[in-house]
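My questions will all concern the structure given below.
Each chain gets a letter, A, B, C and D, in the order it is written, and its residues are counted from 1.
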Amino acid sequence: MINIRTDLALEAKELYSEKTTSRLEGVNVNEFEEEDIKITEVKITNQAGEKAMGKPKGTYITMEIPPFVQYDGEAMEEAAQVLAKQLEPLVKVEKNQTVLVVGLGNWNIVSDAVGPKVVEKIMITRHLMQLVPDEIDENIRPVCGISPGVLGLTGMETGEILKGIVEKIKPSLVVAIDALASRKMHRVNRTIQISNTGISPGGGIGNNRMKINEEALGVPVIAIGVPTVVHAATIAYDTINLVLNQIKEFSKAEENFYSFLGNIGDAEKERMIKDILNPYVGNLMVTPKDVDMTIESMAKIIANGLNISLQPALTLDDINTYLS
Amino acid sequence: MINIRTDLALEAKELYSEKTTSRLEGVNVNEFEEEDIKITEVKITNQAGEKAMGKPKGTYITMEIPPFVQYDGEAMEEAAQVLAKQLEPLVKVEKNQTVLVVGLGNWNIVSDAVGPKVVEKIMITRHLMQLVPDEIDENIRPVCGISPGVLGLTGMETGEILKGIVEKIKPSLVVAIDALASRKMHRVNRTIQISNTGISPGGGIGNNRMKINEEALGVPVIAIGVPTVVHAATIAYDTINLVLNQIKEFSKAEENFYSFLGNIGDAEKERMIKDILNPYVGNLMVTPKDVDMTIESMAKIIANGLNISLQPALTLDDINTYLS
Amino acid sequence: MINIRTDLALEAKELYSEKTTSRLEGVNVNEFEEEDIKITEVKITNQAGEKAMGKPKGTYITMEIPPFVQYDGEAMEEAAQVLAKQLEPLVKVEKNQTVLVVGLGNWNIVSDAVGPKVVEKIMITRHLMQLVPDEIDENIRPVCGISPGVLGLTGMETGEILKGIVEKIKPSLVVAIDALASRKMHRVNRTIQISNTGISPGGGIGNNRMKINEEALGVPVIAIGVPTVVHAATIAYDTINLVLNQIKEFSKAEENFYSFLGNIGDAEKERMIKDILNPYVGNLMVTPKDVDMTIESMAKIIANGLNISLQPALTLDDINTYLS
Amino acid sequence: MINIRTDLALEAKELYSEKTTSRLEGVNVNEFEEEDIKITEVKITNQAGEKAMGKPKGTYITMEIPPFVQYDGEAMEEAAQVLAKQLEPLVKVEKNQTVLVVGLGNWNIVSDAVGPKVVEKIMITRHLMQLVPDEIDENIRPVCGISPGVLGLTGMETGEILKGIVEKIKPSLVVAIDALASRKMHRVNRTIQISNTGISPGGGIGNNRMKINEEALGVPVIAIGVPTVVHAATIAYDTINLVLNQIKEFSKAEENFYSFLGNIGDAEKERMIKDILNPYVGNLMVTPKDVDMTIESMAKIIANGLNISLQPALTLDDINTYLS
């Protein structure tokens, strides 16, 4: 089957609505806006919702950031504040409890490096509490961070590495940042998804990759994701459907033909996609040319949002002074 | 009009043959193979050929390198030897004449950085002739190199910068390495095009960019290019055509419909492409996920091929010892 | 002779005063403070001054920045404003005249990379005036920039490259940023020297390197330098002198011995230094462990100072928005 | 007390011999040469040896590599073979047992990055055994690798992170690569120390850093170290001693003075060193200018040596093909 992959709950819901008109059970959607940022909260509340959406129960909050924000320092700080506000109900830890921030993905591949880039910008404090406790404000929360690499670089499942570290460090919360695939180009590098479900990898070799969630690690896991690519197969698939729909419009009069078009199935479409993307298929990514710069901006927004959220006793100015 | 962009003469010829059955005047094509590498030599010999191909008169040699080569040090050295052999008839300079190697492109964008990566690996010798002439073998050719950046980074046309340098340094030959766009995914990061025509940028803002060729610089210019991307618009365009062709096959019986399909023109296709790639269109690139590694391999092959070609008195071992 | 190298006019004056008590002719020194930054203005006014200082006639302004500044975003902006103020009397160009900013040094060597790092942060505008003149505020000055590399990387004298570019681009002013060597550790990565004399390389292979000044390029050249290293030989030399001075204090009573100590000459000291630094001597640098981070801070201060100075019609906020 | 730091057992022994003429108990030294590489094996056999050397019981093998090797690909491969031969008696694991390679140090600081650079070049195979067991030669050993960062970057002790990972992955051997400080410039970036004692950090804040050895991790730990810096304080200290020794030679006739010089103690020397290195002292490193390139060469030698040693069923050509 063709895998029109999206990691965004928002898009999973859109796909569902495209394919069927039946009511979506077990899924609540709530939309609002803050500071020009469109926020969609998708709650999957039961098994029916899980099945329809292909995602586990939980809360998924999507922030869609206007394009200009990435080129405007002040607007980026506002976006970080909005992110911090969305995180607030999810970060349920006491102020002296430890948080572990994890940057998932391969730092050698630009479009996969957003997680490691965020960790570089996180205010790391846990060691200071131990080494120089008297010089550190008691309101500062102990935060630690790591980018564990990917299976091909380390030979170890990221889940194994994290489980080992979590058992030693015993954080009260894990926040994992990852690069995602979306279905629509206009969401690439402009969207942040926050969820309290952790990360459930899937597809291809990844099938036997461990989950990174509360069940696996033993502590709550907040996942923060940024779509940085659309799979080329998705572009090709959407193109095919668009062409077919256009033709269907014109061919309604010609009954035989109309039904023929309706019979072009997924197998046929998949054959065409393979033809076009040969020899790559699975590993072709579509990215804007300036992906390097925009990923840096998104990493800054997320890191600032997390820093504000994890250190409520500090202002963003305090945090910047600490970090620079 | 939709710009199905290709920088490869080989593909320009393929596109011509797809669109028309009339004989291609003023273009000679010659195909052969060396060490598993398919080589196509396209010679554009007159104005008719220039117009049909959209490229200036001259020789364009394309090497298509089998995929395994990039993962095999020995095969990479063989590919470099094949490249050096193709360069030989084009590099018409005496052994004591200076060659300037130029790495075009933006080093901050992985898929554009192949030129600067090659220059890093070139055996730079010109200064040694001046500083320590007695220690340097008289058979070593003076070679210098620079990666001048791109307009957005420097505020200066690359052509202006190079013209200024060429007038001071007075090389007898310029070799310019650049990243290209191809039309077919299977050529990305596996193809090297060599031409004696220099580089003629075109399209968009680039329209007023200076040419980098013998006319502009006053010395012969060999261009070496590697396609590192396919434009997403090309993927979408090819998908549309594939779908239409498939349907045409099935609809031959239904005359009205067949002619309707034939009437879907470029304007209509362009509208669909914009719809799918919104809001990016022009700046969307399709790249394999491991582009970082394969570009490094291609840069190594090209640099080695150039080093062998420019320093015929040395073995590849000598060159490697010098460089490491 | 031992080369206790300093590129700072401030330190050349200190060295002079250490060695002799005779009045320093042709050199005026003026000290003041702005925003906790100590500023020393050294003016060399005639040939006697040139000879005593080992530097060409002109104005040398040294800013010594307090250590905390590099870890405080706001203090860094203040330092940039102070730098802009010092540059003002030196930047004598009309608002519509072009300025070329040049980053000297080898970007592959951290302690030599401050120039290229500054150029990355400069607001490049010259091309916009040409491409989209209607969208650009007429008060914006055309600025272009380049980091030409070093002789070993390009095979070309930096002076040759720059002369070629200057003849094509015809800027009204060149600003060249370079890494320097100082004599005292406490000035490393904390000091900025501005001069209107350009750059006159000297010592070792550099003897035949071209000057980068008004005489060579045909336009005024402002040099901005940051000492990023102390030569290890300087550390060893200062250590030897310190030990000898200590012992002299104690040995004044013992006349013979005191005169013996006085007779330990430079040749003897040089032998000891070579002994200690074997086998490196000339190429050993002493750097603080966190040189990577502090050089980044210094580059930010200089780039901001230059941006403010070159674009008087804009605020620093405007500039940051443009750059990010 | 002045900390003339050396991490090399070879130098600890030299220092001991400088300070005293009494026999060194519990330490056996054995010197030989292979392929122009001088090899010194220091065995510390009992508590007396531990105390005299300031290092735990075990075997320390030091390879001193001639300077030309780093610029000669073939000589580098020979050095890797010599390293593999030294590792052989220490790597006591069955061919199907897992080895974890750990790159210690801060990848953002060039002179500290040799460990992470080695891990990048290690043949990682463990995941292939699990994902595609049928395609993998049964003689290939499962190897995994990680560079865990440093306390300041992660907020976690490296020892904690590694202990967590080791408990999950259960390797039979850990190999840890780290940058060291030596006492003599001529050993910097030319020396490799191998030991079966693991790593015992010490000095300053490091005092409470966990050991990375068999006792801490529960599996044998081989440490491989490369001295990449000499502390500036060591340079200053050695300079002081050299000056004093020179003067003592001349002052033997003057009895009073000779005894005065003998009385200049460590406290006095420390004061002078602080004076010279002010305000840095502890964090000043002396490095050759080309440290970036030579560290890359050393990382290649160590990675190749480890790859040969860990994969005895493969040739170096096989390994290079796999890695490139």
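Points to keep in mind about this one:
What we mean here is this: a residue touches a chain if its C-beta (ideal position, glycine included) is under 8 Å from a C-beta of that chain, and two chains touch if they have at least 3 such contacts.
Predicted, not measured: the structure shown is a model, and the values here were computed from it.
Greatest Cα centroid separation from subunit D: this falls to B. In the contact between subunit C and subunit D, the residue numbers used by both copies make up over half of all numbers at that interface.
For the pairs A-D and A-C, the larger set of C-beta contacts lies at A-D.
Inter-chain spacing, taken between the CA centroids of subunit C and subunit D, is 36 Å. The centroid of the Cα atoms in subunit A and the matching centroid in subunit D are 41 Å apart. Here the CA centre of subunit A is 46 Å from the CA centre of subunit C. By the touch rule above, subunit C contacts subunit D in their complex via residues 67, 108-112, 185-186, 232, 235-236, 238-240, 242-244, 246-247, 250-251, 254, 256-257, 260-261, 264, 268, 272-273, 275-280, 283-290, 292-293. For subunit D in complex with subunit B, the touching residues are 70-74, 76, 297, 317, 320-321, 324.
Interface residues of subunit D, counted against subunit A in their complex, comprise 124-128, 130-131, 142-146, 148-149, 151-157, 160-161, 163-169, 205, 208.
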